[in-house]
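First up is the structure itself, then whatever we jot down about it.
The letters A, B, C and D name the chains in turn, as written, and every chain counts its residues from 1.
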């Protein structure tokens, strides 16, 4: 510990604790962002996967920032008089932090979920166009030599241009997707009970009830995060409202739908669907959705792409520089006193 | 013939000859556009697939418009003193019309190619996102039980946002695709030797040489039409310029590429590609592209969807109404004296 | 004449006749566009203001293009076997050309009106914001020492954001203005009897009757050109429909309004208005509009700015290059057989 | 006090203290927003201009919200155990609140400055177009009978389309203005030392130094707020960098410029300018800027328009409803621990 203090005095840099598991520093920092960080910080990182817990506690006395999802109960915060910010680099707020105490001490808790929003939005649009035009399915027929030319295979083909679109949830994902839809001049309905209608309208969308969104649209994007309150809120009653031939893209969390019912309905062709998420991952080898028709399956690949991980380092360094200059962070998502306790995400074990 | 004249005098409507084969009136007119047309026109259509040639010639004396791809040599135009417009309802200008004589007589020759531009643009974008993220290929792995979760299958995943994009050809297709790319904030280079650079810049694109477009972009859309001059202009030299891992979408005509070379390069994984067009269609059962990896195959389905066909009726009636009011057409593409003879499209036999 | 022919053989360049009065070559060509033109053309221009008429006729035998508004009756066209294009560099089609003969011979007649559209659109927007917020009038009060701070002078201040906007006429001007309004998220109604509703909708506007446009909007832009048919079509009945406190921008031609009635109504404060055009210009020294309140006056300055004049040279050279390569022009407006005879513009004497 | 408690138990509504002076409830609430507020709140408002201080203190015990700029030192917060939010309805954060104590107690302090951003942005754009085209000045000449037609008065006319634009400050104002510039396809440089470059780039702007912004742009918008640190930071050295004929719009606060120098330079025509703000308001009767040429004067009218005031009520009720549902506010600006102490705004006395 003394050693650290000595070094630090010499270096006149901010001490930052890095314990990013299951992330790695290599994955989130590019050469450029790592250099930017080290220009103003001395980063004490893990030796192997994890930072030793005792070492972590020793460093806390001097640390201004923590990078990672480590537990931060009050006892730990008590040891960290200089702490200004905790950077979650995985994606969600976990319940292993004493948020109330952080708010009391003006310690920012920030998460990096925003980096996944655009990759997921692009994937969602790609899946919508794929379902509407049968790209994947007709390619598979082509491989088998049974492809159908021009009109023959196009009877159900749909255009996105001018179509009616519904979004369930309008957080980061919805806001990343919305501008991608703009040139298609769709009517976009949004169901989001956490937002005033004015915000939905400001994004050129129409506020709507859940039932309206489900029953009146050709394209339905499911983008809502999971909370303690909305698990499985899309079940039989809701799926029954969806139009035949509608395209349903499940992008956020499997837990918000009754996945068995979802599987049953797409297997019967009640609607077309794609899903990037599954109740357990990997998806069980005998799960019936594996063989269901009318569905495109994606093994949780929508968000976690190399560019997104590198973006974590960028927004983290941007905000760290601001906070060290006594400015408010502007790129990562700050934990909000009102809602952080309601989020259902759990840290990895 | 007298009968027709008599009827027409009574009805006081414009006589329109309809010989749309291989199109059908049912496919191109919705109830609404058909009614609009019949409000001001008496349409004499085919009895079966084709309008009898003799009947066609008889009707010419009174006709103000022809709907279809029928041959219109000078002798026929000589019999048509009231003819004002010929509507091609298939997609391209054919060489069975004496265009010079039409220009001399102020007879508009219009084609409906514009209706396919947006469906093709949507398909092109869908394919680009699919190739960049591996949607189709990972779905196929999922069906086989070998899907790879999160990062494992994402090492080559690319975002369209911020990517470099090249367009080869900037006619109707390119202009329909360009706005779909706007929210992705790509740098868009365009190679089109038929256009002044100013027009390319006006569409927020960067004029570039063919070699630049091929060698410096992550996404390359091939959108050029075929002329007498550009057949096979994309061959080995050109494909060799393309970056590894680039995504190439062939959307317009197979004839502009050396298709064997194209097949060989994608089979080897020199780049990723999708194609909607083939040198002969149906594609030969033993064509090596059927089994090539790194390619998505689509049996000429990008343009010919039901909504596009219905759009033909809409733009046709819009322009017919204008021409009957002595106004210039604004929706279909007029044959241009300078270029109509250079187009390589052939009518169906 | 022989001299010209000899020179031309040597030079192997296209002969172009330039008789641009009242324009000047200096005003329309930048150094760069003049060089581009001279790279492929030998330009024979005026000696002083005008090109001698006899010289003009001599040059016609070899000329491929005419730059200017010179009379082109059939007798002249008969002397011009190589003529391919006539470039009007003033702004409108005049009735001193035998258009029918030009169409018969595939001679393009092109005008440069497009260059004024964007400058006029910017001015129109500037005037709309000025009227809505009282920029000019409150500045004048400030100069007199009677300015009113904050709310005191803002009781009638209007926002363009979210306002209702009506456009009368949707040609080049309307289409240049429309995108400037996009970020304000206005409802935009359009009255244009020359266009199908579909075209208006494609530009994200709502087709409407003249009376609707006048009676339901806070901002009304008058953008219609004059034809033989629409002179004075906005008179008392129409002005009476306009809402109190509406902002009316007269941008195109004074002849389409009953200017006395227009003056009377703005003088009484029936609505607020700006005008860039007057029945006679200069406006009569005792014209009552000079002292009318509620109006902003602009002495025909909306279109004719230096950048617009230089743009003429650019689009002319762009199209000249295309035509010389046997391609269709894409930047200037081609005379259309159906409508060129209906335009009411007269050449300058 | 008992009376209040009794009433409140009966009504089962949230108690809200309203002391909005110098605002008024009438000005900020429309009929609709007032009804929405009263549906869930019992509002105790002022009797006359001000709420009596003793009454205020009595109400604090039950109040969940305060509407107004009243002093809120620790002693008052101690009396307010149920307080959740303080709504500033004037525009800035004042230093009469114990912010640290509010953060400690999770009391949101919100301001309404956002409502002025769009009106100011519209005014800024209107002024830019006015200066570039001389709308106001040529109207004044017209009134005097010395107007100049077409080119004669247009030698210095500038287009915004394609121009180079610099923004000094990129907070709420800059972000409201940026989209209005999009259709003009300008290069937009931004100087804002409080923001990472990435944020500036995400808004399609180019990060630049102050000197670059001043020296390389045709249009310069001054949009920075005042802090303790940036008073008068635009002085002689900076104004000397501005291009001749540039258009400078001073929109935010007079205190950030050396106003005497600003006046001197515009009077000499070093550049053209407009200003909506003055070092003292009303501007001194003998202030030299009153007679300076090359300037448009506006008596602090850019933000305070009726629609903006009504918007205060709307965003306040939106956020109040969210907070009462235990959700985070999304429309008003929350005080940020890092920066609220640095802002230089003072409450009205």
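Descriptive notes on the structure:
By definition in this document, a contact is a pair of C-beta atoms (placed from the backbone, for glycine too) under 8 Å apart; a residue touches a chain by one contact, two chains touch by 3 or more.
Model, not experiment: these values are computed from the prediction.
Common neighbours of subunit A and subunit B under the contact definition above are absent.
Farthest from subunit C, judged by the mean position of CA atoms in each chain, is A.
Per-chain CA centroids place subunit C at a distance of 39 Å from subunit D. Here the CA centre of subunit B is 34 Å from the CA centre of subunit C. Averaged C-alpha coordinates put the centre of subunit A at 51 Å from the centre of subunit C. Along subunit D, no residue makes contact with two or more other chains.
Remark: the chains found to touch one another pair up as A-B, A-D, B-C, C-D.
Within the complex, the subunit A residues that touch subunit D are 100, 103-104, 106, 194-196, 198-199, 314-315, 318-319, 321-323, 326-328, 330-331, 336-339, 342. For subunit D in complex with subunit C, the touching residues are 118-119, 122-123, 125-127, 129-130, 132-136, 138-140, 142-143, 145, 147-151, 153-155, 157-161, 179-180, 182-184, 281-283, 285, 290-291, 296-301, 304-307.
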